[in-house]
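Below, chain A partners chain B and then partners chain C, in two separate complexes.
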Partner chain A sequence: MIILHRLVRLVVVLLVVTFLSYALLNLLPGDPVTQILGMSATEESREQLRRELGLDQPLVVRYLDWLGGLLTGDFGESYITRMSVGAELAERLPVTLELLIAAEIVALGLAVPLGVAAARRAGRGLDQALTALSFALLSTPVFVLGVLLILIFAVTWNVLPATGWTSLSVDLGWNLTSVILPAVTLGCGQLAVYARLLRTDLIATLQEDYIVLARARGLSPRRIMWRHALRPSAISLITAIGLNMGALIGGTVIIETLFGLPGIGRLIVDSIFSRDYLTVQGGVVLISVGYVVVNFAVDVVYAAVDPRIRRA
Partner chain B sequence: MRRRLGIGFWLAVGWIGVVLLAALLADLLPLYRYDETLAGPPQTGPSWEHPLGTDGLGRDVLSRIVYGARVSLGVGVGAVLLGLLIGAPLGILAGYRRRAADAIIMAVNDVALAFPALVFALAVVAFAGASLRNVLIVLAVLGVPAWVRLVRGATLSFAEREFVLAARVLGTRDRRILWREIVPNVAMPAASYAFIGMAVVVVAEGSLAFLGLSVQAPTPTWGGLINEGRTLMETAPHVVLVPSVVMFLTVLSFNLVGDRLRALTDVRESGLEPVRQVTVSPMPVAEHQVRDTLLQAEDVRTHFVTPRGLVKAVDGVSFTLERGRTLAIVGESGSGKSMLIRSILGLLPGSAVRGGKVYLSGEDLTARTPAEMRSVLGPRLGTVFQDPMTALNPVRTIGTQVTEPLRVHLGLGRKEARAEAVRLLASVGIPDPVRMLGRYPHQLSGGMRQRVTIAMALSCGPDVLFADEPTTALDVTIQDQVLRLLHRLREEHHMAVVLVSHDLSVVARWADEVIVMYAGKVVERGPAAEVFRRPRMPYTQALLQAAPRLSDPVHHRLREIPGRPPDLVDLPPGCSFRPRCAYARDRCGQEAPPLVNGSGHQYACWYPRPIETAIAEGAESSGR
Partner chain C sequence: MRRWKTAAALLVAATVMAACSGQRPVENPQASTARGATGPTQGGRLVYGLSADGNGFNPITDQFAVQSYSMTTPIIEPLVSVDAGGDWKPYLAESLTPNETYDEWTIKVRSGISFSDGTALTGEIVKSNLEAQKASPLTAAALAPVTAIELADPMTVRVQLRQPWVAFPYQLSAQIGMIVPPSSLADPKAASLKPVGTGPFIFKEYVPDNRMVVTRNPGYWRKGLPYLDEIEFRILPDSQTRAQTLESGGIDAMGTNRDEDVTKFGALKDAYTVHRAEGMSVAEYVFLLNTAAAPLDDVRVRRALAHALDRDTIIKTLRGGLNEPADGPWSKDSEWYVDGGYPGYDLAKATALVQEVEAAKGPIRFETISTPDPNTMQLVELCQDMWRKAGIEVSIRQADQADLINRALTGDFRATVWTSFSAADPDGEYNALHQAFSRPLGEISLNPTRLKDKELSDALDAGRITPDEAARKEAYATVQRRLRDQMPILFIDHLNTGSVIAKSKVRGIGEHTLPDGEKGRPLTGSPIPYHPFAQVWVTER
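Here is the complex of A and B:
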């Protein structure tokens, strides 16, 4: 029931986001017709092209038309390149997906052990060092971090490529080397958030009676931490994964430009520069859908982590 | 309550001040022009002439950074102020007129989180023109939802406080309340968030500039400088490093200032404050003999070093306990009963200091390391806590929790452990134990849960069972069942039981011996029947009278103990109970009474109650 309620809400969010972005993109100055025909075109030919593209229709009609197409999987056709937006997005999507997944793996893979280590010895040296580190990471803009990592690993040590992409289907090894730096860059900001949240929640959980009783049963600190305390402390962390997903996907715009990855983010930037409305719009839809899907998944994961949320 | 801001805060303020001044006074400073090419040889490192080197076109990097700061800080401060201007009134309104606003704000929030803000900013700036004004407006608008959220939250927490409610009741006009009571209180969180918001905006502007969509060349921007510098990374890394470091320091400073300001106003501990570890010299232990008995506690002390002073939660408690006996520890909450148990088990929080000795079958437990202690906890010492609602891990099944000690301590396999768990659950009276293994704690009643925790405590066949208020959280009807169960198990397993309780009817019926604690000390002790029939210390007597009895007449007035439990940081001189004692005389305030040795029945009182009156008032309590 709760999950159904959430689903309805998320679908509404999706509709609002798509409409808002559609309206904004169309109301902004700058005209695809001018972009295609150039400044010198006659008013007549402009009018004709406008009709051809359906731009003479009112905004709401165009939006509904576009939305209708979207429901059948048709993202429309780019005004500029006359290519199917859907095909273009589908080609770019795997790159961005891989980047996102790799970034979350980096972030969680480091945040969980770090958060656990800090909570175990709260207030001690390691904990304070982690607090300082996460504060510094949170204050590092993603493009600054990316530039620094490129400078260290690609330019100075020359162990990883600075830019470029090898598809997973071409070569696994090269694919991994090309995803490491972008994923670390993108993941570090999340790492800081996750580690801090987990640490705070773990410290609270470790005060619980059932943890003291687990100690009273002579269980080892490691066992108590990983088997008893971690799961009840994970709720905030999981929430943050969902809520930060929008920001994380936004980060791919910069990462993909910086590292020259042919993903959705790069496509959006390029399309913005070429005034390719429908492609930008398609990218926005994809990002919002991604956010909604992840947050729905988060709700399902809640139930798996905490049985109290499960309803008979 | 004022907390120190710390050196980091002032360094951050200093850095922001330097950057801000440089940006404001850029035209007056002896700098090269930011767009002067070949001001020096291209791509050279730092020198006297160019303290931060030159870029690919020979332009002075320092000058470009300083002029870039105008854009970064200008947009940062401007967008935050504009966002505040729009967001704060909305937020105050939403917090004050709560009902209608809540739904809207939730909805806007949902959308704002799913909306790719950076993409939106990119599109607007690209289409509307990359000017300072457009960038500023876009980033300000994007910041508004966060401002509304913050100000609303702060307003809400004050709109419900007493002084605002009082003003409302007195008929003060709303506008007046807003200006007089709420705005000043919201100001501090808003100031703190303003700095964090500036960090966010500086990063956002940098991102736009990095993608080439902020203020256009030739005006330098930090993000633009980093983007340009990328191409020279191999030959002149300083061109990209310098703006990166400057940007990092600026963002860090804004965050730090915001964070410290928040910490100033935040009443709750964020959990991020470092906990200072105190090292206290070990407490000397009085001369004593190690006896041939199951459990012997000698002069057990538990002290806490708190900001207010030293708290002696347990202050020199000794006892011995034989197999097959039940020792009751009685006292009000805060008297140190539970801390005594935790001290014996070595399960104190990190801030506690422990003194005294505990012997189990003549072996010194206090000499054991935590790791060595683990082989005793469970197999020899079992524990049951007060609240069965919090004593079981909510996310693990009963089966996992009951089998765990069996597998860890006794090394049983999965199947054997399950079989043993079923047997244990059945022995504590749980119906259908096989099905119970797959259940979660929240699916069980309080009584059932307490039976499960008892089964867990007994799983490795302990010699001593510590039961800390095992029935306090349970229904009266269940209480008796659980106590009966504990008694039966004591007989079956030939254990000793330490029963902690504030409920005297519990103790009177099931205990062999009694210790009465007050302010961390033993004030009376002896055979249970004797202490209850003839209490000598006025505190014990008062405790007995405060317990409601089923035999009391319907309109019987409950006699409570006057006054409050003592402040452990600031104990009165002499007898700790003196301020609440009806029989206190001068001597009680001067000298603390020692525990005097009667025939097994000891009490710490200068003027013990005579035996006759005690009989009259305390007799029926034991016969419930």
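Here is the complex of A and C:
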């Protein structure tokens, strides 16, 4: 029943988001014909191409036409590259997906121990140092951080490639090396948010009566922290992971451009600039579905993490 | 369980470390064979950083920017090339011969050339290519003077023109003259993604927005070429990280137009070579002025704008002092350049002109378009400040490239930043400057300034039809004089920071010879130039 409810919501979200993005994109001045033919084509040539691409049709007709295709799994064909949009997205999805997952691993892998350490020593030197680090990471734009990391790890130490992408299917080792710097750059901003959230919730949880009771029963601080305090304190963190997915996808645009990664973020931005409406639409559908699915997964994880939610 | 996790972690770490210590994987690496200690070396692989991806590689259907030429010309070759002196020379063509009146050109195709798919190059294929270009909405306007394309014999094509056109062969040195096999003509979509040609390299792999790999064509018709076994073009859109990738050894060479790259790598002479665009290859950074709309329909306002601009200060402030101020469409080291007559920086003259106009028509206010990138915005804001000092109020509207081009074509602008004028021959600017291509506001105008100047247009016609070199030079001198008098374009600077920067182990960039032995034009195109790759090689160092 919950899944059905979510599916209905997903369809509504998709319809609203795709129509709005389609309409907004069409409101932008310029069209793909200028991008395809450039400066030197005549008015007649432009009109002919506009007809061929169906751009002379009203916006609603074009949208419904696209929607009809989508129902049969056809995302349409790019105006600019003339490749199937579905194929283009399928080619780029693994890059962005891997980048997002790696960034979350970096963020969570560092945020959890840092948040726990800060909560255990709240107000002391380590906590203050971590607070300062969090603010520094939050206030550093990703493109500055990216350039700095490239300077240190690629130019000075020469241990990681500065840019470029090797697919997982070609070489695992090179794939991992090419994702490290982009993932760290993208994950650092999230790391700061996650560590701060976890620290605050853990400090509150550690004041709870059941924790005092656990201490009185002689349980070790480590056991109390990892077995009894961390799980209920992770609710805000999990919520943030779901909500931040949108920001993270937005961040991939900059990261993919900076590091030369052939991902979906870069494809969508390039397509917006070239008025490649159908490619943008395909990307919007994919991101919308991804966002809804991630947040559905977050709801499921809530129940797994906190038995009180399960029982409610 | 813990042991399994540790082992997995170690495996991942070992894989990463192993990858960190080596080179990016190359499929089918081939052993290098030295041809001589001092001369070019056969073999090797070049990784070349480009600023953007191409929008497809079919010269008939896809608009080529410079990066498209970099990736496509190793595979697809043109009928004509340009030599170091700026003259056209046959390439796939053996000869191009005009009739006495220059309204018919006979193209004799070089024999013994095959496409990499095994098809022999013939006159029929050249004819089909030119017909496809003539029919393509992309290139039809450029070939408008062509009335008929005929096959004179199996290796000869005759092109009939409706008017004399002495510079016609230059058209065949770029996209229009690039010849593809019949299979590509039959399936243009496939040709967009997997180009096939007669060139020194064969298409191997293309991953959009990531890389294109081409490998040596063993059956290339120019014996002994190419030197390289493989080229990987890496798409790295961010100019700063592209330079960092060159520094870290991730790429061997790159195109750039950042003055800091030219300065920085130019100082490291032992490690890098910097090849800068020269002569007609250099584009000009300009403001296009809409001469069909007030207040810029008044030549006094256009001249006041020019007098108010201190181009030396702009170059010193924003170009690292590296560029030359521009006073016309062709740079000072071009054979077509003539000096004099441009309204230089003179704030008093600018103010006087403004006051004269304002006395009759009221305050001068207009909007200029700028792309939103910070470098362009800095320049436009600096100009805005200079114009304000002369009493002209200019507001700035940001528009992305698609919007900007659309506005320029339809006349929905007063002034806009622009980069242009890098054609090999002045005739390449014919459509953009001639009054015949000026249309009323709201209609598509290939002449975006919409200036209707008979003297200028007559000079462009003379340059197109007269074969006499001195007369052509005089015609284009008139073009420059009329542009400086009528000022439909505000010239800022020659963009001669357009460069190719390579590690010193990369040799032969811009040092190629053409099939008949002439030295070829070193670098072509703007804002980042391209060059042939057949005679590029890498040394051990």
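Observations
The definition used in the following text is that the second predicted complex is superposed on the first by the 285 of 312 C-alpha atoms of A that agree within 3 Å, B and C clash if a C-alpha of one lies under 4 Å from a C-alpha of the other, contacts with A are read in each partner's own complex, and residues count from 1 in each chain.
Please note the rule applied: contacts are C-beta pairs under 8 Å (C-beta built on N, C-alpha and C of every residue); 3 or more make two chains touch, one makes a residue touch a chain.
Note that the structure is predicted; figures quoted are calculated from it, not measured.
Aligning the two structures on chain A places chain B and chain C in a clash. Applying the stated contact rule after C-alpha superposition, one finds that A:T257 touches each of chain B and chain C.
Touched residues of chain A were counted for both chain B and chain C, and B has more of them.
When the shared chain is aligned, chain B comes close enough to touch A:G246, but chain C does not. In the superposition on chain A, contact of A:I150 is made with both chain B and chain C.
When the two complexes are overlaid on their common chain A, residue A:L49 makes contact with chain C while staying clear of chain B. By the touch criterion defined above, A:I268 reaches chain B but does not reach chain C. In the superposition on chain A, A:T166 makes contact with chain C only, not with chain B. In the superposition on chain A, contact of A:I36 is made with chain C only, not with chain B. Residues 28-30, 147, 150-151, 155, 257-258, 273, 275 of chain A are contacted both by chain B in one complex and by chain C in the other. Contacts from chain B toward chain A in the complex involve residues 107, 110-111, 113-120, 122-124, 126-129, 199, 203, 206-207, 210-211, 223, 226-227, 229-230, 233-234, 237, 240-241, 244, 247-248, 251-252, 255-256, 259, 270-277, 342, 345, 347, 371, 373-379, 381, 383, 385-387, 390-396, 404-405, 408-409, 440, 442, 453, 456-457. By the touch criterion stated above, chain C contacts chain A in their complex at residues 12, 15-16, 18-20, 24-25, 55-56, 63, 137-142, 189, 192-193, 207-211, 234-238, 240-242, 244-245, 247-250, 399-403, 405-409, 431-432, 439, 443-444, 446, 448.
Contact residues of chain A toward chain B in the complex are 9, 13-14, 16-17, 20-21, 24-25, 28-30, 122-124, 127-128, 131, 135-136, 138-144, 147-148, 150-151, 155, 196, 199-200, 203-204, 208-210, 212-220, 223, 227-228, 231-232, 243, 246, 249-251, 253-254, 257-258, 268-269, 272-273, 275, 280, 283-284, 287-288, 291-292, 305-308.
Contact residues of chain A toward chain C in the complex are 28-31, 34-43, 45-46, 48-49, 80-83, 88, 91-92, 146-147, 150-151, 154-155, 158-167, 170-174, 176-177, 180, 257-262, 266-267, 270, 273-275.
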